[in-house]
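The same chain A turns up in both complexes below, where it pairs with chain B and then with chain C.
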Partner chain A sequence: MSSTPPGAAAPAPPPSTVACTINGRPHTFPRGTLIVDAVRQVGHPIPYYCYHPKLAPVGACRVCMVQVEGPPVAARGPIVTTGCTTPVFEGLKIETMSEPAKLARRQVLQFLLINHPLDCPVCDKGGECDLQDFTLGYGPGVSEFAEPKVLRRKAADLGPFLVLDQERCIMCQRCVRYESEVLGEQNLVLKERGDRTVIDTGQGEPYAGYFSGNNTELCPVGALTSRTYRFKARPWDVRPVASVCQGCSLGCNVTAQTRAGRIVRLMLRDNPAVDGGWLCDRGRYGFGHSASPDRLTAPLVRRDGRLVPASWDEAMAAAAGGLRRAGGAAVLGGARLTDEEAVLLAELTRVALRTNDVDWRVGRQRFAAPEAVGARGAAIADLDGADLVVLADTCLVEEAPVLEIRLRRAASRRTAVLDVGPVRNFRIGRSTRVPCPPDGLAAALASLGPKVAAAARPVVIWNGRGSEDVAEAVRALGAPVLVPGEWSNARGAEKAGLVPDALPGYHALDDAAPVEAAWGASVPRHPGRDARAILEAAAAGSIGGLYLVGANPLRTFPDGGLAAAALDKVPFLVVQDLFMTEAAAAADVVLPATGPLEKAGHVTNLAGNRQTLAAVAAGPGGARSDGDIFHALAAACGVALTGRAPEVATEPVRRVLTPGGGPPAGPGGGALRLLLRTRLYAGGGTTAFDPNLAPLREDAVLRLHPRDAAAAGLEDGGAAYVKGGGSTLTAAVRVDPDVDAGHAELPAHGFGPTRLGAWVDVQPAPAEALPGRAAAIAAVSAR
Partner chain B sequence: MTALPAEEARAIVARYPSPRSAILPLLWLGQRTAGHVTPEAVQDVAELLDLRVSEVESVLSFYTMFRRRPPARCRLEVCRSLACAMKGAEEIVEHVREATGVEPGGQSEDGQFSIAYVECVAACDHAPAYIFNERMGGPLTREAALALIRGEGVGRP
Partner chain C sequence: MSGAQRVWALGRGLGTTFGYLFRRRATVNYPEKERPVPERFRGLHILDRHDDGLERCVGCELCQAACPAHCITVEAAENDPERPVSPGERHAWRYEIDLLRCIFCGFCEEACPTGAIQLTPRHDLVGFTRSEFLVDKRWLTVPAPAAPGFPPDRAETGGEGGRRAG
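Up next, the complex of A and B:
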């Protein structure tokens, strides 16, 4: 390099970059760039298997061979080396297509195929396989290897979703590294050595984590494949449609692939701002409900005590008539709708049914948007750079699983995690527990004020549960907040005004003018009743009709006894759902709706990202989208809906709500405080009806501290009776020190726990008392 | 912890600045305690070192000197590296296979003996060399091999 005269503008690149040539053309890269990245960036093809942009380099497969010449190996002349473990150097000459590089790659590929079965015609990966593609592009046409191949296990069972073909594996270790580097779980490891090396779980047990499916997309060959996709389709036979997962409120971006109108698989669609390019297994595999034979396919109307199929016109007339009878109607649900549908439901409620008795909160969540409690919203990516994250009794891995991956990554660097609550919520990675009883959350959060104030970039994660004082404590921390929802579009429902004390766009009831202008109709001004008050009124017989939209309070409302009494006493019940839920079975009119994979629109995720939902599959004939149903129901009431969403109020109203939806608090009843908590594979909704997820359902699993288990004579993997509130539930037992002593945890959306009251007693039950599925879970956890 | 002597195990862990370094010594302890490394011992090692069971399994399965099942009473390991192979090691093992039906790497059904190949045991001057119940010997003959696995001859010939 020539020296620059003093004072002249320095043309040399700054020292943080290096200049080198690739295939004879000069390029500049940031220092430390790996050759494989550099080559990819400038658009030259280069084969690789073990290298992956999201994993640390390992240099295992040796197929990304390039020729390099120059410092620091100048004395040796041109040499061939792996591009994934060598950074670019100043003055390096990189050749990707020189004869030595081509020969090296050809030989490596020949080596990788020595024991490969070459069973492409029956391999699910055929057509999208890097081993196929790179062998065609860079490999030899024929193998020199004439000896017998090593035979290994085909279709090895690695758990509910994964199938491993050991013969196809080329030991790139992407799966093993993903498990270790990204998840910190090591569910898959290398076993044995040399030509006997295989991928396996620890002691041959089924894969236990929530993120197994990502391995099938990381695997560059046909070794790790999805059970649900085996022999279902070829990549060139499927139609890809971009959409958004509605399994939880994170809204991971997916590409759904259909063949002949049926979904065959969901693939990740990397959105760094939302999902970081990962999916959880419930999201990836929970599409089975769409084509389930149990879907509702025609409207049902109760005649002579029985639900019988009816035409849509008959059903609409019956529903409209019943909901407008004396006593008035109330609406529950709506947090699984699209944003557009939620506005339609708000308009239907206010304009056609003439009431503010509407509430999406048929579970434990009270608030959806941070702004609604006067807090600042955080972006998802804020977790990456946060120095302090407060988990306010929120368990991400159960409530928004893919967000947990991001938090684990942050915590493995320099993010301190404060895990507040009666249960350890953050199990993998460094964290500090701040134990508190379920009703002590507000005080515990308040005690963290100084720590949060001292942090440079804190983030609070709170699932919007608890009464007004918890909301106030969260607001008082002053940090940006993420609110994982109990349902996928809780935020959209809140914003659309599916609450008793605010109109769409967070307009207060006495600020109805913008709403009335949008809809061209007047809206009722008196505040409505929230979910608890609606159910109480229904149980008291003072409500004429109840309209449940994608809601099943019998499972989700924290006071199951009240929900049951309400559904029992209400004179007229309309249920709009995908399946014959417990609530639908009690209804007078059942309206079959299409699911989240079967309708287009927009949805708002937990951080306020508005994302586009596409109609991937058709849904069963006879079912209609929720939006179409709202239009038809309004028309049957003599009202034409506009569907217009009023502008959002500039100053969102901070709503005061009737406190808590929880069961009655206070001692008495039992020895252990009941915790109702979200579990990924428990509960109603589509999970309860999805055949793909059926092996993993855990509706009735009791978790409790070893000391409480010992005191009650319960053993891990055994069965227990949980008694409280005059009700008894049979559950599989999991003894877990991560649950603080004095508590009994049950899945919130399972059937039964909400009837137990706040305090329960536990005692041993015979194993045969367990329902079949729970017994299977008990067997797994006992292993 | 049930499968490892607790005091000895903790002493081993204390020897290393990083807990992971104690995996191999603890697995040796497990093998000494039960004669082979039991699944319970693996779980104990994982718990003691705060590692995943899968990671300990991965390490364990990499090394051939750990036994995953109860050992035979007579354990004959025959070297087949260059010098021993040239002096007929493989013919001896083949002879044992024909006489007993037990494949190299296998164990007799009654648990009396096992026979396996090993790589160089650093006794080329005694080729074909062998290790019998953790003691080295050689040169091995067909007759000596059969006597050893019957339990009729122990120690250096």
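Up next, the complex of A and C:
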């Protein structure tokens, strides 16, 4: 943590130190250090509310009063001033516990409490509240104010996650400053003046951003609290467990707090190298799936056409028998496992099922580690010092939201952002658009070569979609690459060899010796088929059994029609998942697994940081961890898994990216090119089943340029039929000038969108045609 | 010991015995009769109500935090503004005391900011199974006044288990 808050005025250019005394002891600090930072560094207690190490000083709460005496104010003798707005000076004498300083703090606290309600017993902050703590430590004990307190709105509704109690607010403005300084949004603002000042959203509308939850941790009092945590627990009866969010590939560090085995909230755990101390709302509030009543609790086996509960032994015998029947087995998924489980699945596939037909790429991401395609990997912190960032058709705020905060901060200083793609990906902050059609990404990137070459510290952010020509263009740029992908642990899956064209540890298929040495068994050496080829073979009926591990190709595979045909035609289907997904409903054996908050292990994030996952909650009774299931399934096949990870190859095999297959080009075509894009709340994994996120889920929202909307007779907030590839989808309409003309954007992980062709036509639809949830989204849009 | 001494000793002993016959008895015919307890005696708990029938308990869990025997479990929920259980935003949907663990120290009463949990002079704590001593809100909460709308239907807020002990 730097001593000067980012965003503060730059300190004097010559790096020098100043000597001063704090409570009588001499100390030296870098010039420009604020008194409050200096006092904190040497370990003396000092109260503050408005000051925050990540925000610029404002001097609003006045409670960090210290007594100073020295050269700049020598003529005035000792004076009392705020420590958060005063830097240390040479020869300054700082007293934090002198009588004048204590008196000043006591009086300030008395003022702060004039209108603060004493409803600590019903306040969610009670027990971890700075106002409680500092009043006890520095306050007056009794108030001289006998007048009745001002009454304001309590439990004001600020959207799905935030609850605001305007009476409790002490106007420290941390939330307002976080919104403007860190996010560059103005979702929360100050309204009115004087003792009528309140925090609110601009027009009283629901909070619209993706990062509202951080406000609840910034708020030093109980004014901004989380709806999901409301009255669920007190701070003293929760058990904190350090773990890692598995909502996206960034892997933000969290502390999960449980009460009686149930998760009540997730809080941030500052890791400057990964998350920079922020969480997105999906990560913070997306824990509801763990205790959802819809979880699979027992193995299911299909008997007489119906899925019926079975014992684990029965399910394992059925799965092992079905997967080893004629035609061979193929495995899809695995990018949501831990590193250790991914190795187990790789061993199960190669040794027990004797095949290389395994692929984690059931979505649009084609690779995870930049090294695997011959590019250089970047560290997350490289964004802070970058002078040029190329966004290769990657929308960070939807795909790895907390990385977007880092990019916004960088862009607000001196980082130039080149936003390549058919949609504006970087909406807040300075950037330069480089429009290109979805299949013109390679050419657009190639045209940026000179600019990247001229930059001192460029970073390319590419979500790993597209094929070898884009990889070639990225390699040619020569800049380090970050790959914010679709899956939480795609890197772990790739390293473990859950790909058809490489063995674990990035060994080539003909370099199997180290792998065989680790496992003590021979592995197949013929190249396997990738996800598309596996699904095509399954649709053609030439695969005996298909094993889906935490994967639902019906929602995530870009060609939903092919996925549906494959799951329909494959003779035997095993699905391992947390919920009864569309794929699980079609399965012959369903295996209930534990989720990311319910198992321990290690996970690798998009920049290769290996982090530790802790079992925070116990999953539903009958569910088992994926690793246990792999062991049991291998045992049912007559093989004992070692679980040993083969050493990583010194020369990683260079993989060639095959096209994952976008939607098939529709015969005849439509007027608009379909863009399937990741949306934060349209995810196909636990997001689709999380009760906490249910109000924000968006399956079918069509975004298109105002000109296209006008041409089709569509208006913002209305409904539309999207037709293509012989399929029709009803969607809510959002008119969005940030989508380039000629394109129609739909969320990628929906059930319907993946069945449309590459080109679609849009027509107005009656509002009542929208399914319930889409209608609700349209209503929000119209407001 | 001489004969006279023996007779004297016997007489003195019987004198004590017969002397007690005419004193006031120390025992009472419990449970038909009960001995009055001291004014500040701490016996079985109640959860009190306000005069308007609303529950005093706001589910703040301070009693649970203060309890040295860890015998109290409180879980809170938000009040429906149309049909509040307690004044304000918060009420306890679950309030359980394990009476066999309770040491009747009265810390819960001291910690309570609303005067909801109170220790009464009642002390008839009897039962046949341990589970009978795990008491919940239905056992603890005093009856609501006979006013229209009270008691609020707490079917959805009641905890599990818990029967009246004794």
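What we mean here is this: the second predicted complex is superposed on the first by the 763 of 783 C-alpha atoms of A that agree within 3 Å, B and C clash if a C-alpha of one lies under 4 Å from a C-alpha of the other, contacts with A are read in each partner's own complex, and residues count from 1 in each chain.
In the analysis below, a residue touches a chain if its C-beta (ideal position, glycine included) is under 8 Å from a C-beta of that chain, and two chains touch if they have at least 3 such contacts.
This is a predicted model, so every value here is computed, not measured.
Engineer: Would you sort A:Val150 into first (chain B), second (chain C), both or neither based on which partner it touches?
Structural biologist: In the superposition, A:Val150 touches no partner, neither chain B nor chain C.
Engineer: In the overlaid three-chain picture, which partner chain does A:Ala242 touch, first (chain B) or second (chain C), both, or neither?
Structural biologist: In the superposition, A:Ala242 touches no partner, neither chain B nor chain C.
Engineer: Regarding the shared-chain residue A:Val122, is it in contact with chain B (first), chain C (second), both, or neither?
Structural biologist: second
Engineer: For A:Arg234 in the superposed arrangement: first (chain B), second (chain C), both or neither?
Structural biologist: second
Engineer: Should A:Arg193 be classified as contacting the first partner (chain B), the second (chain C), both, or neither?
Structural biologist: So A:Arg193 only meets chain B here.
Engineer: Can you list the residues on chain B that touch chain A in the complex?
Structural biologist: Touching chain A from chain B are residues 39, 42, 52-58, 61-62.
Engineer: What does chain A use to touch chain C in their complex?
Structural biologist: Counting only chain A, the residues touching chain C are 119-122, 126, 154-155, 230-232, 234, 236-237.
Engineer: Can you name the residues of chain C that touch chain A in the complex?
Structural biologist: Where chain C meets chain A, its residues are 58-62, 64-65, 76-78, 88-90, 113-114.
Engineer: Inside the complex, what are the residues of chain A that reach chain B?
Structural biologist: 185-193, 200-203
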